[in-house]
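The following pair of complexes shares a single chain, chain A, combined with chain B in the former and chain C in the latter.
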Partner chain A sequence: MNISTKKESTALVVTVSGRMDAVTAPEFEKSISDFITQGEKAFVVNLSGLEYISSAGLRSILACAKRLKEQSGKLIFSGLQGHVKEVFSISGFNGIFKIYESDAEGLKGV
Partner chain B sequence: MIKFKKGIAFKLALIFSGSVILIFLMIFGLYYRFTRAMIEKNTAENAKNLTLGTVARIEGILRSVQQVPENMAGALERGPVSKEELLDMVKSAVKKNPELYGSAIAFAPYAFDGTSFYYAPYYFRDKGSLSCVWLGNANYRYFMQDWFQIPKELGKAQWSEPYYDEGGGNALMATYSVPFYRMVKGKRTFSGVITADMSLKWLRDMVSAIKILDTGYAFLLSRNGTFVTHPREKLIMNETIFGVAEELDDKSLRDIGRDMISGKAGFVHSPKINAGRPGLLYYSPVTSSGWSLAVLFPQAELMADITHLNWLVLILSAAGMLILCIVVVYEARSITGPLTGMADATAEIAAGNLDFKMPETRSEDEVGILSRAFSAMQKSLKSHIARLTEATAAKERIESELNIAREIQLSILPKIFPPFPEMPGLDLFAVLKSAREVGGDLYDFFAMDDDHFCFVIGDVSGKGVPASLFMAVTKTLFKATALKDTPPEVVLDKVNNELSKGNEKSMFVTAFFAILNIRTGVIEFSNGGHNLPVVIRKDGSMEYLWRTGGMVVGAMEGIKFERGALTLASGDRFFLYTDGVTEAMDESKVLFSEERLLKELKLLEGLPVKEVLNRLLKMLVEYSKGDQSDDITMMLLEYQGPKQ
Partner chain C sequence: MPSTGHIKIPAVLENLQAITDCVSGAAAAAGFLPRRVGDMELALEEAVTNVFKYASPGNPGEIEITCATGGGKFSIEIRDWGKEFDITKLPDPDLSQNISERPIGGLGAYLIKRLADDVSYRRLPGLNILTLVFNLEIKKQ
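Now for the complex of A and B:
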């Protein structure tokens, strides 16, 4: 799993690629957690390069969302496709998170 | 000692000594060559100077001796002299010239006054005073002697070969004879011979006074090679150089003799010249008498100093080499000693004796560092092994606990198939295979009342112990919540609210909860974010269930779940599974997928429910090559028609 970030005016764009499973999910969680500690409150997470997400990955996302909720922050997703899009759909995550086609739309949605 | 010989000390000593010996031999060889060449050069120079000097002195004396009879001849040739004048001439010549032993004026027959057949006065030194004898009588016809005949015939002055004058002077001498002439009837006529005897004693003294080193000497050869002077008395006048060469069987000496008597000069090396031992010889002719002087340098003495020095250098070198070897061996042993100790200690440690005491060293060099490093290694090995032992024990404890946990977890899942023999019209089978000892998947089924049959399948996020605890809680909650007449979406609402409370770790479970009415075949269900089950109709058609809205269970409190419903006909089947099935991965991380699942289910159509699940499970294990990444759970239910 690779994580790269880009600071935009309204939010931090976090691009995640590769596989988010029981082994790599804690890395994602820690990364987001560190940004929250540094004061970031709005995140647009681009998952267009993510090939696979397991239930452990979903748990990490949920944990991040809960932490952001305490701080009145926002967690927005963009670029979901294939397996990841399906998992979000099955698990009902698309019902509790704002999901956009692209980063630009996501940034507008912040 | 044998062990030591193969060690570093031996190698070092060998290398050092070998190198030093090689260097020394090269230096020594060069040094020896140069010194030897220098000595020989000096010797040649000295020998030449010495010989030529001596020759010059001999020549000088010979010439002064020659002068005497030549002067007298001049006086006699100027005109007749009286008997008195003649005697006086001879007497004063001998008297004035100490190098003269004697002198005679020997007239040819009747040449003095026409009457005397013999006329030859001879003055010679006799025990300190001068004596006079008249030569010539019937027994001694002097004009037949060589000293008279040869100058007369040759018509020029001549040195005789040295000879021993017995009866006369009783001494070794050589005679210089000068012929003289007078005008008779206007014609220059041979009138006699004037002789000058020179004692060779003083010549011998002079030549033997030449000291060359300790045993070197000079010698004089006559025209035919006879020894005129030589330190070995018996050779004088008795032996020629050729005789000696014969005796020594020395061809080179014969060549030298030939060169000497033919008036050549030279510097040669002769292997036997010095009484059978090698020596250097310098020779030069004494021109006026046709003799030859030679100076001999004994080789051994000439080289004595350098030989002595060589021995000294060799002994010093050998001593130095010995000291070097001792020092090298000592130093090397001071290095290898601790190393050997360390090697022994290491072998002990390797054999498991971690408490073995390392040999101590106070040295600050590399060996000391190595020794201390070894000690440190030993300590860290000890603590490491202690930690490892502890960790292993802890791991074993955890493993045994995990095994117990696994048994407990499996024991809380229903395992009696078909579940309710008293509830005909229903066949069901379920399998659960955890990826680790314990897992987060769950299934359950139970009767709500006589007509309603509940079944649930769920998958807790994550794996292992945390998931297994969450699974146990979830299963218990479902059972406790699914009371008579509770709709499925309400069950999920309640379970969700219970699980969400204080869920610090944000764990959740995807769950599909359904209630089958045995009498009618109607299934009412609610989906909490779980994989969609497959409906398999009796006619072979099959499809995934449609999606109803629904979030995962336990993630957020207060979420509302939806209800869905479908009706099963007799012979229809309902297949539930967790994502461990569709997301099973092969070696290249390719997912098993929903499509493949559907395909395989089609192939297994009509087989008993137990057989279908067992075959699917076997297929999944083979697909992931035994490296199962997630818990696998499957449940297959067959509705066999309304209850009788």
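Now for the complex of A and C:
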């Protein structure tokens, strides 16, 4: 799994690629958690390069979302593809998160 | 069904990749499309990480995975010698809950049940046997 970030005016865009499984999901959670500690409150997470996600990844995402919600922060997703889109759908995550096609749309949705 | 893949290995997270590689290799050889192999990898990860976490906390035993194919089906049998744990009896999560209401976790068994075509569990003395069956879909292009 690779994580890269880009600071935009309304949010931090976090691009995640590779696999978010039981081994790598804690890295994602720690990364977002560190940014929250540093004061970031709005995130657009681009998953267009994420090939695979398991419940460990969903668990990390939900943990970050709960922490952000307590601080009136936002966690928005963009660019979901194939397998990841299917898993979000099965898990009902597409009902509890804002999901956009692109980062630009996601940034407008912040 | 003839066996097409087998691994017996300590039930620890560090071995997730070796287990996944064994099963996805067997599934690809059986003619499954990459997308369907992805579904299998996910169901498999959920099943084996449950064993890693709950079968024998603090004192991991072994896990044995045997794949078999035949009759248009591909089966993954997962054996462990830990505590009794029947995922087929777990209640489904409430997907209508919002971020604050949703408990952390509880989606793994649900994903297995949604992705596999059949899930069965047997408890023998000292032994859990979970079998996931996937129907071989017709290859497209």
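In the analysis below, the second predicted complex is superposed on the first by the 110 of 110 C-alpha atoms of A that agree within 3 Å, B and C clash if a C-alpha of one lies under 4 Å from a C-alpha of the other, contacts with A are read in each partner's own complex, and residues count from 1 in each chain.
The definition used in the following text is that contacts are C-beta pairs under 8 Å (C-beta built on N, C-alpha and C of every residue); 3 or more make two chains touch, one makes a residue touch a chain.
A quick note: this is a predicted structure, and the numbers were derived from the prediction, not measured.
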item	value
Partner chain(s) touched by A:Gly82 [first = chain B, second = chain C, both, neither]	second
Touched partner set for A:Ala104, first chain B, second chain C, both or neither	neither
Touching partner for A:Ser54 - first (chain B), second (chain C), both, neither	both
Chain B versus chain C as contact partner of A:Leu62, first or second or both or neither	both
First, second, both or neither for A:Gly95, with chain B first and chain C second	both
Shared contact residues on chain A - chain B and chain C	21-22, 52, 54-56, 58-59, 62-63, 66, 83, 90-92, 95-96
Residues of chain A that touch chain C when the two form their complex	21-23, 51-52, 54-56, 58-59, 62-63, 65-66, 69, 82-83, 87, 90-92, 95-96
Chain A to chain B touching residues, read off their complex	19, 21-22, 52, 54-56, 58-59, 62-63, 66, 83, 89-93, 95-96
List of chain B residues in touch with chain A within their complex	440, 459-463, 505-508, 510, 528-532, 547, 549-552, 555-556, 559, 579, 583, 589, 591, 629-630
Residues on chain C engaged by chain A in the complex (per definition of touch)	13, 16-17, 35, 38-39, 41-42, 45-46, 49, 52, 93, 95-100, 102, 104-105, 107-108, 110-111, 114-115
